[in-house]
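Labels run A, B, C and D following the written order; every chain starts at residue 1.
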Amino acid sequence: MAENTRTQGTVHFLKHESDVLKGNPLGDPFVRDVIVYTPPGYEQSKEEYPSIYCLTGFTGRGKMLLNDNAFAPNLAERMDGLIGAGKIKPMIVVMPDCFTYYGGSQYINSTATGNYEDYLTHEIVPFVDEKFRTIKTRDSRAVMGKSSGGYGSLVMGMRHADLFGLVCSTSGDCYFEYCYQEDFAKAYRAIKGDPNAFIKKFWESEKKGKGDFPALNVIAMAACYSPKGADFDLPFDLETGELRSEVCRRWLTNDPVRLAERHADALRSLKLLFIDAGTHDEFYLDIGARILSRKLRDLGVEHLHEEFDDGHMNISYRYDRSLELISERIFTAETQTRGEKG
Amino acid sequence: MAENTRTQGTVHFLKHESDVLKGNPLGDPFVRDVIVYTPPGYEQSKEEYPSIYCLTGFTGRGKMLLNDNAFAPNLAERMDGLIGAGKIKPMIVVMPDCFTYYGGSQYINSTATGNYEDYLTHEIVPFVDEKFRTIKTRDSRAVMGKSSGGYGSLVMGMRHADLFGLVCSTSGDCYFEYCYQEDFAKAYRAIKGDPNAFIKKFWESEKKGKGDFPALNVIAMAACYSPKGADFDLPFDLETGELRSEVCRRWLTNDPVRLAERHADALRSLKLLFIDAGTHDEFYLDIGARILSRKLRDLGVEHLHEEFDDGHMNISYRYDRSLELISERIFTAETQTRGEKG
Amino acid sequence: MAENTRTQGTVHFLKHESDVLKGNPLGDPFVRDVIVYTPPGYEQSKEEYPSIYCLTGFTGRGKMLLNDNAFAPNLAERMDGLIGAGKIKPMIVVMPDCFTYYGGSQYINSTATGNYEDYLTHEIVPFVDEKFRTIKTRDSRAVMGKSSGGYGSLVMGMRHADLFGLVCSTSGDCYFEYCYQEDFAKAYRAIKGDPNAFIKKFWESEKKGKGDFPALNVIAMAACYSPKGADFDLPFDLETGELRSEVCRRWLTNDPVRLAERHADALRSLKLLFIDAGTHDEFYLDIGARILSRKLRDLGVEHLHEEFDDGHMNISYRYDRSLELISERIFTAETQTRGEKG
Amino acid sequence: MAENTRTQGTVHFLKHESDVLKGNPLGDPFVRDVIVYTPPGYEQSKEEYPSIYCLTGFTGRGKMLLNDNAFAPNLAERMDGLIGAGKIKPMIVVMPDCFTYYGGSQYINSTATGNYEDYLTHEIVPFVDEKFRTIKTRDSRAVMGKSSGGYGSLVMGMRHADLFGLVCSTSGDCYFEYCYQEDFAKAYRAIKGDPNAFIKKFWESEKKGKGDFPALNVIAMAACYSPKGADFDLPFDLETGELRSEVCRRWLTNDPVRLAERHADALRSLKLLFIDAGTHDEFYLDIGARILSRKLRDLGVEHLHEEFDDGHMNISYRYDRSLELISERIFTAETQTRGEKG
């Protein structure tokens, strides 16, 4: 641990005041951290660097990516390590905060949570490009993330391929029939007929119950996928638990497998589209990834699809794979040969 | 444990050769046990007794109801105990065997497993009525069971209300969207693209793997709900795991919640319709029961609906409740006032 | 499943009235089942057969060995299958009942439960030898079992090598420091200061709680290993949970690892001593078996020691291995070459 | 979340170069973070403040106390919140780093890890006292922590009561017979005979296996409690898993229950001694706390003993209780009436 001699980048904590989030329905902060990692050598040079946006999973926000764990490097340490070992080239990493009172925003616009998709694309990208020496083209801008962050990355690749030319989704929410449905039953039990009372109680106590997170998750997803003004429709009847098919249908329009069809051209334009998942993912996202990969193949979208032997939790070591692929592709000209697999 | 002085009934093991099951597609036995409990006093009297058919859960068969467990009476001991304590009146209990190579039949007809619904209603009921001094009317004949046995009981109440006038379902399969869907993903992983190879391997080794039972369950349900000749359609694509919506739809036509609508008159004719489930049932059958109860109420079907504080396993003590309700109702004239709850 | 043509033995249910158990301190029955399996051909021949005593695990009793399970043969079916396949030779199997109010007797004498060791050796063996055409020598009499039944088998091999010349212990209780200690803490919590109140409540409700079985287990072991007249000393202080070292020491004198030293000559005299355990046994009995095997080796006791890839539960398929080894050895003359391993 | 108007303290990251840790046997860093929280108002005033040392659990280090979690304040946010709400008075909090290659030091000296007890008491306390306006008396200096941090706090209260006048242990390692023994068996399995190979592999892969943490824990505790020069003695035989009683005895001399006897005077001198634990602690530390409390009572040591309804994980909300008690006592003169409970 001769840490003093280690190549080290710099972590910048910036505050950004958002117009988009001002007046958001949940009263969540509109002044938020934007955390930016610049690689070793950044200060000394005049060079421009590619940039990577790393989106956290549900219940996360940018600064969690810097949490200390003695056994797993945080994202800044990971960058230092990979750059130091010559496995990736120096790049800038951006860690935005799209957390909400419901636990997350899925990085999309919603009347019930706020316009986090606009926030990220209209405000944070220009803000970072202005403050840092990024290469300001989509071919030099990547987006990656795990779980809900993988979902957000896929959405960026579909609806904002003009901004992000490289997309990596690790265990991203996909094929909602499998990844959310079990939580419906658990959420129904935990919510006990009153989502507002549930949420209030959830925030009042630091000690959380077993069914609290499935319930929070379903509420948040409802706020993202089936908002009703500033409120939302749950996918089940509050009294009996019976599924509400019209709400489920609204959810499905947000499923990457379904979104892919409507955004195939955008996906085909990407320099890198990488999806992976663990073969015993507790939310069955390995199956989701297989279904998405098949859909992409059917749509003629080149991509890489990988599986790894693990579940959904404690898999930040998989960032290495995304970062290496991004590094490999982002420095090449756009007219490369792509997609050997998939 | 002064067992010698205990009031004790008699357990009769009969062999019945079935015409219905002869030539069944799975090569399962057509000569099967029919186990019948007659209450204390049966031999000495000339009386006729009401009869109760007890249907086992998935992977079960009649004789399992007689398994020894030091901490829970088997069904014959339970009858002895309840009769001895004066909690129920003497009744005959029938334990049929509707097991198959796939683990169960759901007590319905299928080209892929055999016609177990016919077997039970056309063959076993007459056979028992012939061999024993049962009261041979539907108002003196009950059917009850747990899990798949609860499902079978509900089916009997809907399609064979002429035979069974009293129906009890404990944690019966219901609202398939919740009770089976999680197993789809697990089954997909375990089956690895080849259901026949899976089943063969399953039977070859006494040691079972973690995902084996979800897989067996999905295969069996497919054979029951979506047979295709002697084969079956699985509800998901074998390669990607994607749901096959037309197969799922076929399954749903067998869901008690949906069946109830088509058989409301039959259900309304019952002397007793009792459904219960544990509030932390691992297959969410408490939610299924609530949804069914609501549907029954909407259809004007009188019934009793109860919940208890437990999961899906080790709940045979709940038989007491069904047996007591059956005893209470089966000895009364049909024109009683019913359904104080529900 | 052409079961009609299958070679089948006969299961005999005998009642035996015990003098030894009469007046036992727990008021447990002294008239008990003795269940005996005779192999196909027994009735037709005049031959004498070797006999095997199969001892059940904690909470078990002989008739549980005949429980029906669609996926695993019961002991009689297992014998039929192995004999039919030519894997073992015809033998008699005895299934005694040494259950108690505390869940078991460990097959040893105790002032707190009764003299089950005497019961088995002084009464049941002679009773079986009288009623059946057994070969009445220790070289033709084996004892085997799982868990507490493995423990009992080891005790028989140590203290009753004159009766039993072949001993098989699958996952037998061994090295008490690992196999019981965790239950102490759980038992302390569940017993809440009053073992009698606990036991009473335990038997009053068919529904058992999570900590109930560890508590029952510790109470039963205390009644076996540290009886105090008709009562027993628990290995921990009822108020604080602190270990009582003098009680723990009494327990350890009953540990097979310690017993082995005192009974090395007896063990050396056995025709077969087989111990096995699963490598992820929840009670760490694989480690217990390794320690015992090492101790046996140090004492010059020939034995076979095997491990298998499984835990403690649902491992009755391991009976096959014991039965095959017994069959292999029991029909040979005593002066064989033994113990190639160990 | 009007965070701009919130009262906020300041977190100081200092580097301290340790003489004590220089040349430690594991090659762990001797230049380490010392993180210090100063309360709101600190900069503007000239006042001196009490100080609290917060020791992390096993695998932790000071900066983990500042990790971001959307649902639980980190230690600095917690202080801000409690001070802002008037629940505690402004105090300084110190977060030292006593992590090692084995996962922790238990805050004690060891030839196998380094002299972390000296490091903390000889170097960090004076260092903090020099750099910050602390009240430099033991009556104004508290130590608290969870799990191994609770253990360290108890050790400080026993061997360094001259430095720390207030001690709080939440779920602190205690009564080693229960809290470590189960890990012995798991560690034995995971270590597979070679602790060095195990540790090397552990650090080489970010992905950890199921038994890795029990193994790491036992290795670390051995390095702390039973060092042998720069190496250590494990409490079990590497080949068979058999316990090594002389090593276990060495461990027990480090058990707070046993240490308490030798340090009763020191403990009696404390202004506050608080121990608590969750009633379903996975390491049975609630039982450990009860045994310790009983021992303290027998020794005439005034203390507070509380239990809470939770396990061992995700209980940082319990810091509130320790902090409130410290705040209540630390500002009073020493001659108060103490210890109403216990």
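Quick note on the criterion: contacts are C-beta pairs under 8 Å (C-beta built on N, C-alpha and C of every residue); 3 or more make two chains touch, one makes a residue touch a chain.
Since the structure is predicted, the reported quantities are computational estimates derived from the model, not experimental observations.
By the document's definition of touch, chain A and chain D have no common neighbour.
Each chain gets a centre from the mean of its Cα atoms; for chain B and chain D, those two points are 56 Å apart.
Chain centres here are Cα means. That of chain B falls 36 Å from that of chain C.
Inter-chain spacing, taken between the CA centroids of chain A and chain B, is 46 Å.
None of the residues of chain A touches two or more other chains. Each chain pair that touches appears in this list: A-B, A-D, B-C, C-D. By the touch criterion given at the top, residues 175, 177-178, 181-182, 184-185, 188-189, 239-243, 279-280, 284, 287, 290-291, 294 of chain B touch chain A in their complex.
Remark: chain B residues 1, 3-4, 27-29, 31, 59-61, 63-64, 66-72, 99, 103, 206-208, 310, 314-317 touch chain C in the complex.
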